[in-house]
């Protein structure tokens, strides 16, 4: 299985199994004249599956149903951009003025989508799974257990002065991406296309967070996409992976816009403004330090 | 226009135009409760445009026609993966075993898609534009000028012992992605959805490269996608940008597969094999170098 | 303080304090004709402090003593390389064949020095601090408390089947970098140049790990440099930061060697070897998936 | 030579030369219990060579003389930082607030040191070599040929409206790093430790650039370090590599300062300021675009 068929590129005649197996994969099989993606010949996929469907296929190993693809498409579209105030976008725009290829520009932006900047969706998926499990363990399925579990979870977060990931936004009183995403999930759950349990968990959390507050803490983009990716069966870590694919679009668009501007070596603030300084006053090097 | 409406996040009351203008953009407008992507409210886009359409909108500023979106989708799907032999994929897989978030894994892979590894499509787009211009300058539109110009271009490359980007493959005698991509372009050109001139230039080049050779130098994925991106009106540099979005899918799929394997600090070859060494034999540090 | 003196670059006349303060720093003050590094004019530093001393100054804010500089120099030299089997080095070498600038080559390698590949020193520093604290809380200063605390810590790790960071090596039965580094620390501690408590903690751990084993688990480079960086007063996270500076040297040397070789798009294994494949057998796209 | 001596890690008994040779190197030899750096056992280097000397050894293959090491040290120290206005520093500072390890923080900053932001030194080295070659070809060694060649080179750049790399600064009327660096080179040249030809070429260029101008175009840090690296025999591309090592120090110092601040997801400008927007006014999605 590991040795390709004879071809002009003179594939290896013998086994060397350990070297081939060191790089074994179930994602794709590349032989001379053949590209299989998860078993499907690439020439059959081209023109017949959409880009989001190919994302699902490559990660999950099977093609999505049309309902699954629609939800994935929606979540990917929802996250493409949030403006140059985001450090990932700003870093990519600055990179674009430093003489880099667009691949390096995109990598520079993507690199910043770490635990704090790009990880809230992943963390919210973990919370949704935890809440779902706790509610399932304590309830008779009526849903009352879910609300109680959500109340307890929120109370625990507040005691520890922690923020529940996926809720609240420093900028949007109401995140405009929440409603259309939740409507699509609700519709899919009503049709039996997804289980609906992550949606229920997310709404229970949102409800628990609003109790006793004049100004609620609404679900944000990370929470809404966490619900979708959870409903679709992705593990939490892939929540970040998918967000990276999505935000890469905005990073490219912004990087390209900045590159097209022709500015060189763009710093974070206009050139005639200077960072302030709070370090030591000017001082002379001690004589004894001379080499 | 630069100052947002009053909102809980207390936007700046005064102008500070230079700071706002330093980060001006036409890509998106983010205000409290509002996310406009190229003027469209994000809540209208979610569920109504596909991921590839959002790529087009964000980069180009307008929505694609359905024919344009179909070609873009096909080109993005065609490039998602070429296996772990590619250094970008291998680097991402190794990165996934080093304790990084998936954002850093993807960035590590994407960073490698430089001029040599990820730039052939971009370079081919430049060649197609050059050939189209030369043929247009010399011909009466009958197409004879195009073939002559292609012959001259190929001859010039051979004289300089250079490789025409987008043609030939070290691995595939016939790249399986070529035919389905060219069929889609030909169909779109026949329908008037795209001009068809980059397709003509690419085929002329392929024909010129085959002359007098027992084994032709067929168009590869870089050539076929270069034709599509050129037909769609993208500038060459965005050819690389779009390839990065496409290959990011495979990078994520492979990085995730490796991360799921649980292996730690994966090197390029199995651990009991060692790199060979051709440096100096063991030697002692000269005494006078001691500090 | 924030506004520079008048100069050809027309610095800002007024305050705009919030923008300047957003980028405030104590590391350096850059004004027209002036570069202060932690208060010292750069022209006084050039030629009078060594590179390792400048690392200390920039991070710590003050110049090191000569004993401190000597230990830092030794730790930085010790970590510069561990060969192309390391994924960070291999990724940089592959990157060097993909048409990138050396900055992108180095960044690609450095990016892989994550929690697992580059974080053991940092984690060991945390363990040393924890052990030092526990021993201090329980002992009368005779050192007996330290050994007991080390035994308990090792027992706890074994119960949890965890590996004590900084000890043991998958490759070296005895890491050749351990002894010269520990000798330098011991000498500095004997001279009163460093406290010696991290050294004591590290040796106690090594002793505790060896008990009842025919083959001991000796301290590795991460453990030995963790002792030095702890003795020098760096917080654990900077242990990784300093290791990155050190290993960047090897990454550059290897990347440059590979770039000079002229090979293009180097994969992880020779081209005629292929990764093995364990995914689905070739299959046709279901008809209903056609768009 | 490729097979290590028997050891606990069970090295490979047989040859597999092609796999070992794919990763061959002259930089280091790592075998169980052995780490050779350019032939020298690492345990002999630790404590006996400085960090800058190890940089030279790893890249060049031999140890530097003390005069060479002193120049390299000076150049590395000179470039460590130029403040948070530099996009590389600003990107690293923002990255530090996004939940990344310091390795990813440093990589994010280093990635931005591309042709435009980090390449001037490399480009200046190429100009110095070109000028030296032209002067050598045309002159009798008196130096008159050098001045004439410099005049011609400057005239050519002005005709093409290009900037001579390594000269002029958007910020410093006189770069404070120029004089101490040139003094060290002049001293080394006077002692015969370096040839002095790159210094002569650089001064000739500076002189040619000043002719007929009320305000001269003085040499900047890129020019001064280009002279040193050229005098030391580094190829131009390594000029960038060495600058990356140098600036990594400032990137780490700034990234750490920002990480220590505790701020999260730091954007380029304070949060209550917003980027301005010059894109399309708000508009509704066309009905026919609905899926």
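By letter and in written order, the chains are A, B, C and D; residue numbering begins at 1 in each of them.
The rule is simple: a contact is a pair of C-beta atoms (placed from the backbone, for glycine too) under 8 Å apart; a residue touches a chain by one contact, two chains touch by 3 or more.
Since we're looking at a predicted model, the values are computed, not measured.
Peer 1: If you take the chains that touch subunit B and keep only those that also touch subunit C, what is left?
Peer 2: A, D
Peer 1: From the C-alpha centres, identify the chain that is farthest from subunit C.
Peer 2: Max centre-to-centre separation from subunit C belongs to B.
Peer 1: Which is it for copies subunit A and subunit D: same residues on both faces, with over half shared, or different residues?
Peer 2: Looking at both copies, the contact residues mostly coincide.
Peer 1: Return the distance between the CA-based centres of subunit A and subunit C, expressed in whole Å.
Peer 2: 28
Peer 1: Would you mind pulling out the distance in Å between where the CA atoms of subunit A average out and where those of subunit D do?
Peer 2: That gives a centre separation of 34 Å.
Peer 1: Measuring from the mean C-alpha position of subunit A to the mean C-alpha position of subunit B, what distance in angstrom results?
Peer 2: The separation of the two C-alpha centroids amounts to 21 Å.
Peer 1: Hunt down the residues of subunit B that sit against at least two other chains at once, touch-wise.
Peer 2: Counting only residues that touch two or more other chains, subunit B contributes 9, 16, 19, 22-23, 25-30, 41, 45, 47, 49-50, 83-85, 90, 100-101, 104, 107-108, 111-115, 118-119, 170-171, 268-269, 271, 273-275, 291.
Peer 1: Thinking of each chain as a vertex joined to the chains it touches, would you call that graph a line, ring, star, complete, or other?
Peer 2: complete
Peer 1: List the residues on subunit B that touch subunit C in their complex, please.
Peer 2: 16, 19, 83-88, 90-91, 94-95, 97-100, 104, 107-108, 111-119, 170-171, 264-269, 271, 274-275, 291
Peer 1: Using the touch rule from the top, collect the residues of subunit B that touch subunit A in their complex.
Peer 2: 7-9, 18-19, 22-23, 25-30, 32-35, 37, 41-43, 45-47, 49-52, 54-55, 58-59, 70, 73-74, 76-78, 80-85, 90, 93, 101-104, 106-108, 110-115, 118-119, 170-174, 176-177, 179-181, 183-184, 215, 237-238, 240-241, 244-246, 248-250, 252-257, 259, 269-270, 273
Peer 1: Could you list, by residue number, the parts of subunit A that touch subunit C in their complex?
Peer 2: Per the touch definition, subunit A meets subunit C at residues 1-4, 9-12, 16-17, 19-31, 36, 38-41, 44-45, 47-50, 53, 61, 63, 100-101, 104, 111, 268-269, 271-286, 289-291.
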